[in-house]
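To start, the structure itself, in structure tokens.
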């Protein structure tokens, strides 16, 4: 397990491994928003928490297809299946590695981008909290999606199609926390919902992902 | 050339070929916007043209990595290079196939999504025009990006990173046309710019793409 | 015969038109695929029979 | 390991039926048969990557190390890193038999992606030595290997057998190792045999 | 085709230098050499996929059909569609020599993705017949092929040579075709030779 | 004699051939009568004018859109637990029908919304949940098409249907939390739920609902037959090729 985590992290950090690309995508999407909706500060401020959550979600999503597809292509996924590791654990570890290399950098970068979008001052803390709580759920749900589409040639876009609707509850609660926080309202209810959702998903999804992966590779 | 176009279209339409997935992604991204920025109609109306353009751009972007990478993986790209086809022409044909399977459906679907985002009535026509004029540029620029990253394992995200900045001028002019149109202002200047940009890009980019591809595969 | 639809005529008519059109399209596609599948199966069965 | 009356299918169609053989420690068995006969399918089944239609495989679970057409190498890890990852996964720690067995020491710090076809294959085979598993299941192990490397493979294999391991291999060419031979074309499944294939209900 | 004093590099490092040979119509030449010697690199160079460091290749342009380790098949097209695509690209129209030459007729309507390793390879080789090109450049053509398929390949190749074509092949095993042999290990480049490699300026 | 024996594809084909004429006829009669009655034989509503006639399309379609997903869920469970091919194929066959029903509900709702609420679309929870349902249908169908091996496709789509259902319910709560409702639903005078609907509107509506239900059933039975024939064709083809 530890070996798998270390390998995935190391691969992500090596040249071409994709570390930081999610972050860069996040940055660019958020930057493109003023170009597309126009530069008025007030409008930007109103949509800032939502745009940041949406950007983080898309960045997360785009890095999903490397999660398992690379291992399938070079044959190591089959070899892992014959190895003495419980598949559920292996997938949980892969989701963790994905979060560490994608979700965590996004969480840390979000406040800076918030400044660019004129996010109201109290919103920064709430944005940080909501992303920190929500992105693990994104990684785990994404692992399920990746397992579902692993045998499919270039399933990248199909993966997005399947995973995006599953992301909706997380997005709603997460963005709601950030929005209420930025508006100075009480955000504890959606925060609790978000936390509960993440917990449930982290506890259950690896099993679903392992089941689906076994079916897909049979 | 015709054989190549037909092959690409046929592959796109076959199971797993990815036709319609760009469209679905567009739909989903646009749908997620209200979840993240909140459901107020007025706010949505203000950002609608920009969001639609941004969504179309992202959907286009995501389907780019199948443009050349699949051909590289199974070795047919190298074989195409040794075939008696001018590479520029082959890439232009591939960009055309990409537009037909991705850009065109987006253009046709945009008005429906416009309704969901409360786009003002006169905006629909302008949105349609600007997307019809702009998406070919997105496909051609994307082909250049795909050629640039073709040798790189799972270059998907890197591709996004390289191509997004190149998309900025198209996005600015395109979204400006749609925004002015929706606001009832005169949109002819950005429209001319957009048309000129597309023409220039379509005429020149295939050459750049071919040059870059030859370098990358050496 | 036609009921008086008043000022909402276009809405009501277009709702019926679109819905019936969608249903008709579904039916046509269903029947067409069904026919094609039936024919393909018959051909295949005949061929399989010929080969033993 | 004991295989009895095994039937396997690929793409929903039975390809082999009634395959039985036993593989004792110290023994090697070579599967032969023309292209498309079903060797790869049989090996995947034994490695546990797909379910047999019917029949039993005994004594294989958690004792098999599988090497497929693809080598499972990470292009951006060095030779040593690739090996040590698999060693850790299988709970082993000593890489030297693998590095020495296939003369990989000079290449140990090269990225796996920059190896030639035969060098990659050598690394793929070396992986077997860090699994500690007694039964090797190999699909065309000597593809791309030159004569020297085939000889290396032969001597590693003999060592493995002498240490009580066993090996099951599909190949079209001569491996230079004494082994029993099983021609799978003898077990070709009748096209319409009802062996419980997934689409049999439709026949 | 005439190759004179050719030097080639891989990953910035020269691997072969001073390679010279001529290939007349009707002739076949087999490249031999241990793993990593540089056969693949040399073939890619001759096919025009990479630039040589120095030296000249004459009479190859637009006359070469290349078959690499990967077959360039589309899994979601049928065997026939795959072949006819390449035929159209090369301006040919008749698929029957290719289908007959490699006994592909029974498989013609299968999706290429559902073929076994050897069947895929046969399709990859059949592609050469629809290019109409006189010089075949083949990298380990018989990998995964069974004895029958190797015999098919041999007879197709003899037909090609008899019709005035020529062939340049890298292989580790015996093809059963009479051919000159060139051992590339004789041309191994000295590691520090200044052959104009891209990083030579830094030595 | 158990019900399960009809999970044998061939038996199913025989049975469905017998019941289909009656099924189609009933579906046509009920749908036709319900819609014609509703369109020609009912008065305008006091507040909504003639737009109330849209209800005979909107509500049956919305009902069937949800029920189709529910049926797919049950069929998926049967496939996962008892591995009956007909069950998996019935789920596959139902998805496009459900998709069209969802689309009809959305489109008629949108057309209705324009005169009633002054907008085609609002991010009301009910409407939004329907849009999400639409997405789940899309994803489900796309997955069926993308996986080559039919049994694997059945497995994967079944799990997607299960997980998707959970998330669809979750989304419904999330959406309700996110935006309190606009969809008049039970608050408008013609709401059906509590039977407060005037009988003039109610009876044709029930006819139309029954009609849509029967139509759904007929379509699914027919389409399941098509899927079975396609599977049988490919099974036979595969064996013929192997024989060669």
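Letters A, B, C, D, E and F mark the chains in the order given here, with residues in each chain numbered from 1 onward.
What we mean here is this: contacts are C-beta pairs under 8 Å (C-beta built on N, C-alpha and C of every residue); 3 or more make two chains touch, one makes a residue touch a chain.
All values derive from a computational prediction rather than experimental measurement.
Steps from chain D to chain E, taking the shortest chain of touch contacts, total 1. When C-beta pairs in contact are tallied for every pair of chains, the largest tally goes to A-B. Note on chain placement: the centre of chain A and the centre of chain C lie 41 Å apart, centres being C-alpha means.
The distance from the centre of chain C to the centre of chain E, with each centre set as the mean of the Cα atoms, comes to 52 Å. Computed centre separation for the pair chain D/chain F is 48 angstrom, with centres defined by C-alpha atoms.
Annotation: 24 Å between the Cα-based centres of chain A and chain B.
Multi-chain contact residues, meaning those touching two or more other chains, do not occur anywhere in chain C. Residue positions of chain D touching 2 or more other chains, listed in rising order: 11, 69, 75-76. In chain B, the residues that touch at least two other chains are 15-16, 21, 24, 28, 35, 38, 73, 153.
Chain A contributes residues 144, 148-149, 151-152, 155, 158, 161-162, 164-166, 168-169, 172-173, 176, 189-190, 193, 197, 208, 211-212, 215-216, 218 to its touches with chain F in the complex. In the complex of the two chains, the chain E residues touching chain B come out as 47-51, 62, 64-66, 68-77, 81, 84-86, 88-91, 127, 131. On the side of chain F, the complex with chain B involves touching residues 110, 119-123, 128, 131, 135, 138-139, 142, 145-148, 178-179. The touching residues of chain A, counted against chain B in their complex, run 16, 18, 21-22, 24-25, 28-29, 32-33, 35-38, 43, 46-47, 49-51, 53-54, 57-58, 62-63, 65-66, 69-70, 73, 152-158, 160-161, 164-165, 167-168, 171-172, 175, 179.
Those residues of chain A whose C-beta lies close enough to touch chain D in the complex are 2-4, 7, 10-11, 14-17, 73-76, 78-85, 217-218.
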